[in-house]
């Protein structure tokens, strides 16, 4: 029987290796798979390349992953956000690499990676520093820059509903990058607010078909990043927490 | 007030001009906008380039449009189907041009056209006659062929539900090319089985957002192509029918 | 001279009181948002445009993080951290809204489906080049977001900006000195002092804020302006000029 | 000689009775469809594979016209002309199915997300080149459908085909003479006579239909085959060889 449900977040992230590329869903906190990220912090894989629109906020979730020294490189469109503390400091001190990509180009590169398109042309960034060193080609009188598809070893995303095949729905604008990241990653790990029976999601309303999903963990009451930040929470890996106790 | 509902199929197709490129939704009969196609036959625009996966069946719908001499060129993946009578004869006698495109490349070219991507690379057709004359480029050891985005002046598609903004849902596999054609056409004309109030389609379940739709006509009891073919129906333009009466 | 300079700076820093204030700039821009438009509003003053679109015009707002049909700010009851705009502020969705993923959202942008985008600016050039994402300073953390995609893909780009920097430097220039967001992308500029169209012949000042003279604006602009206010006074507001200039540019 | 030729043709035209028939070919192929696979079945004999997948293996069928989780043929009550497969025949959707548009459907294919595709063939070459869409005849109406996308994008390509043409010509050849569907794409071939793997060393015959000899097959094949039946008899069926050969090829 096909059953993609796993027992814990720890199980879900267990195969992430040092040096892997990991796409993490979310636009700011909306859609951020906080529990899976925290499991990845506990897991400890290092030298990761992380793809996310931002760099996290406060000292939880993605920001905590970065603070824990696990991220060698960020690929993102907007590394500065409100409560963005961790990344700026590491970046200024040269401890983390940044590949800055326009948000739509980032989305299309991820979609291309998932769709088997190694490269495509876009007008975005032509004539700007972000097109420097890239191939420019003219089609029907307009210049376009060639951009490359982007794949990942793992994607960590957050869904609203999931069934055991891995069919997913999302909540409002928390959908953002999740469906295309699920396509672009070799292995997609999902935390979902709710597991439903097969057929519990109308086939017409499936947003991410199960073919793009590998492991699912139900987190019925996920933590909200902004709430954690507001409460001054600092996420420390389980080991360190253990060491402290 | 935004209201994309029009009074008749004739009104919907009124602005299609001789020489236009027209994308027509459907995979075989599933999703074929029969009433809009018949209106286009009555309208009479000639020298059209038509994009569809097939070439219609029997002597109704797309096949009738071709038989009426309005189509100069077909862009499709599979011009031969069961009950495909009209196209083969015209093609063999050199009266219609054919651009044969692999089905997935056709879909991706349409999606690219709608997404502002003038060209992309794909493995499909490398080493085959359909890649001849096209640019081949190697990425990470594999060869890919460059394919161009495809746009249209008009798209004719069939939806299940629509609201006045043009938000659409589809029925099962009748969805096929419709959502991407709606994106790739300057003007998208929709026949829908049912009009609903704003909010009648859950925002989570909208398949084609209204931004891609221009005109909507409600056809609550659309004709089914296979039924027409079975009954030996031959669609003749209104004018000819008038002349006969 | 130093006294004069200070005085000038002072005048410039209070320029909002001299011409249009932020609300009035947003109001002026909103008059050009047409019925039935699909509109993307940038963070800051551009966000304010929505509230001044004339009554009776139905306009649909796009936010690039995956929503078409963005509504007002939520009440406490409506608030959902999963329903935010591109500025990561809570919003609502109107009846007839649609959610979609980032790939589809930027297909709307890149594929020329959005009619109007209103953005802020650091600098705008005579040719309509826009710089609004980076000063190019070495120690700055670069962040671009969706700005480059929006200017490259949206049919009409409106800019709302103070006419000069806080220190009185011109922001409307022959050439941008900051890294570009896009080349030849701007159609119209709304400042606290005036409205300027980007045309093939150069920057055409088409409207002045009350009490502001053409010479006053020219003195605060880094490139020669065409005075098109009289023509427009004669024939009225000519919105079509925006689109025609855009066609030539793109 | 002419009598012999006729006799040979006759023998070949009845070759299905000599080795495996169509159902048995589909059955043999079905044994190699693994639990949890995402599978796309071509029109004809490949379609029959679904009914022979061993009980207890849950397999999800993709049809490129926009459905994952394709079920059996519909009853009269279930029949909906809007629910068809790639062969345009009516089908059903299982609980847990998903509908999507053609762009997304071929993203699944092109993006290497489908595990197995089973197709028919006109010709297969020693290198795994496939010809199955056109004889290249001048008067033929070319039609390609999704075949080129499937062979370019699906992880593992299985071919089910009669070993020879109706007139006894070899279909498994050193080089295809018909226009290609794809280069170096085939992993395994199931014929009425045998099962052949495409390997780096050439075509390896790994299994014979009952009563068929290696020499019998070789005589009906246009390229020299490696006899790998003994090795496999010794170590059992080695499914991993398929994937490793695929990795080298793609």
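The chains carry the letters A, B, C and D, assigned in the order they are written, with residues numbered from 1 in each.
By our rule, a contact is a pair of C-beta atoms (placed from the backbone, for glycine too) under 8 Å apart; a residue touches a chain by one contact, two chains touch by 3 or more.
Computed from a predicted structure; not experimentally measured.
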Each chain counted as touching subunit A and subunit C at once: B
Contact-richer chain pair [B-C vs B-D]: B-D
Inter-chain centre distance, subunit C versus subunit D - centres from mean C-alpha coordinates, in Å: 58
Subunit B and subunit C: spacing of chain centres that average the CA atoms, whole Å: 37
Inter-chain centre distance, subunit B versus subunit D - centres from mean C-alpha coordinates, in Å: 31
Where subunit C touches two or more other chains at once, by residue number: 67, 93, 99-100, 106-107, 109-110, 153
Multi-chain contact sites of subunit A, meaning residues that touch two or more partners: 108, 111, 115-117, 122-123, 142, 170, 172, 203-204, 207
Contact graph of the chains (line, ring, star, complete, other): other
Chains touching one another, given as label pairs in label order: A-B, A-C, A-D, B-C, B-D
Subunit D-facing residues of subunit A, complex: 1-2, 111, 113-117, 163-165, 167, 183, 197-199, 203-204, 206, 209-212
Residue ranges of subunit D touching subunit B (in the complex, touch as defined): 63-67, 80-84, 88, 93, 99-103, 105-107, 109-110, 129, 134, 136, 139, 141-150, 152-153, 179-183, 250
In the complex, subunit A residues that touch subunit B: 108, 112, 115-123, 137, 139-140, 142, 144, 148, 169-170, 172, 202-205, 207
Complex interface listing, subunit C residues touching subunit B: 35-36, 38, 58, 60, 62, 67-69, 93-100, 104, 106-114, 153
List of subunit A residues in touch with subunit C within their complex: 27-31, 53, 77-82, 87-88, 91-92, 98, 100-108, 110-111, 122-130, 142, 170-180, 207, 224, 226
